[in-house]
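Quick heads-up: structures coming right below.
Same chain, two partners: chain A is paired with chain B first, then with chain C.
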Partner chain A sequence: MLDASKTKSLLVVIRHSPYGSSLARASLDVALSAAAFGQPVDLLFSGDGVLQLLQGQQTDAAGVKNIERLLASLPLYDIEQVYVDAEAAARYKLELASAPLPALALDRAAIGELLQRHDHVLGF
Partner chain B sequence: MTLHTLNCSPGSSAFADCLRFIAPGDALLLMGDGVYCAMEDTGSGRELQACGAALYVLGNDAAAAGVLARIGDITVIDMDGFVSLSEQFPRQLAWY
Partner chain C sequence: MSSPASGQCAMTASRFAHALLARGHSIRRVFFLDAGVGNGLSTTVFPQDEADRLQPWVELSEQHGVELILCIASALKYGTLDETEAQRHEKAAASVHPAFTVSGLGQLVDAAAASDRLVTFGG
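So, the complex of A and B:
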């Protein structure tokens, strides 16, 4: 069994667009790995990272892994909800209601609190 | 308390987002292209001075970029200083 005293909460901060680099995949791989080992993981999308939450990503022709579908599978790994920088979401007029999984918009102060309550922070 | 490391030039969205994420008690270390943000009498230099974080710059990177003599009121550190900072702060967030 997992020793609860050894769990460390992880916040993954995601700032890059889904297909411009391999960073989107890498950040989600990290989140899934941590979750698979029973570590509590939260995801915060900011900057261009919010573009990963766009509805209707059609990747078949491009031959890349579909980030939207990957995000939609996160609840299977106990990542039920993600956080989104409200300012970045507004910049791209993102409708969080149609995001691939439940997404909660946070203002600047709430983002600060989110950072403070995690043991580790990883930026992608 | 978070140590932010910024490796992006002043025109990048990472610079703007990093400043927004900075909270009281945080520190900001400029490295790589981030050293250009520290140039005094520039918009980014003034934004840095007003952001509230303790400011540091990697001396080797600033020297390589040719801005060492042009950075404002920012503490210049070396790799050992970087290690000390990472020991001091429980979390680090890399901006690149």
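So, the complex of A and C:
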């Protein structure tokens, strides 16, 4: 279906907390789908979205899929590292070293540069 | 995007699409994700003194040939079923308007790869 000669880099910006809205999961599905079709894709966690990177998420009682486990599987789709808004991570006192996959904190200037260098930005 | 019954997001998106076409741009595809799949429901009834949120999308498809795609994972979750999915999951009725097609996220990826611009109306 996809013409392999056409690739556009995609940045998926995730602002939703992991279990507060179905958009949290849907935005990760978009990233996985783009990666599965061979498109270069990066993820930026921002605002409440940084909570998706919390360690030790327990979802059995909630009856929904575990976002932490999904994030841990991203390297299988060649997404080796994600980006995190440093200000939001600090506000939530997030320990990036224990995130489910390597996460690089970016300041505002670096986030601006990240947005600039992608062909498409999808914000959720 | 959000559900057409909640807030202005869906109306803004369909008006934006019509405005683009009026200015001579072309739209390859509209992809509806998450609660946005509610835009494709044929069974919504809007109050008489409010705007119809379905008709602008149907006109995009019928008058301008714009593809309207509902994400299948979201569509199933939100009960937005076409004939095939209603039968497959043994549900009483299909609820998708025929102007819309239920398909996968690959349709979004494909359109993004082939387009100059990707515009999102986020939740």
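Points worth noting:
Just so it is clear, the second predicted complex is superposed on the first by the 119 of 124 C-alpha atoms of A that agree within 3 Å, B and C clash if a C-alpha of one lies under 4 Å from a C-alpha of the other, contacts with A are read in each partner's own complex, and residues count from 1 in each chain.
Definition applied: a residue touches a chain if its C-beta (ideal position, glycine included) is under 8 Å from a C-beta of that chain, and two chains touch if they have at least 3 such contacts.
This structure is a prediction, so every number in the text was calculated from the model and none was measured.
Of the two partner chains placed by the overlay, only chain B lies in contact with A:His118; chain C stays clear of it.
Within the superposed three-chain model, A:Ser33 lies in touch with chain C and out of touch with chain B [touch as defined at top].
When the two complexes are overlaid on their common chain A, residue A:Gln52 makes contact with neither chain B nor chain C.
After overlaying the two complexes on the shared chain, residue contacts for A:Glu87 are found with chain B alone; chain C is out of touch. In the superposed pair of complexes, A:Arg108 makes contact with chain B only, with no contact to chain C.
In the superposition on chain A, the residues of chain A contacting both chain B and chain C are 120-123. Residue ranges on chain A touching chain C, taken from their complex, read 1-3, 6-8, 10, 16, 21-23, 26, 29-30, 33-34, 37, 39, 120-124.
Contact residues of chain C toward chain A in the complex are 33-35, 71, 73-74, 77, 104-106, 108-110, 112-115, 117-118, 120, 122-123.
Remark: chain B residues 1-2, 13-14, 17, 20-21, 23, 90-96 touch chain A in the complex. On the chain A side of its complex with chain B, the touching residues are 13, 15, 46-48, 85, 87-88, 108, 111-112, 115-116, 118-123.
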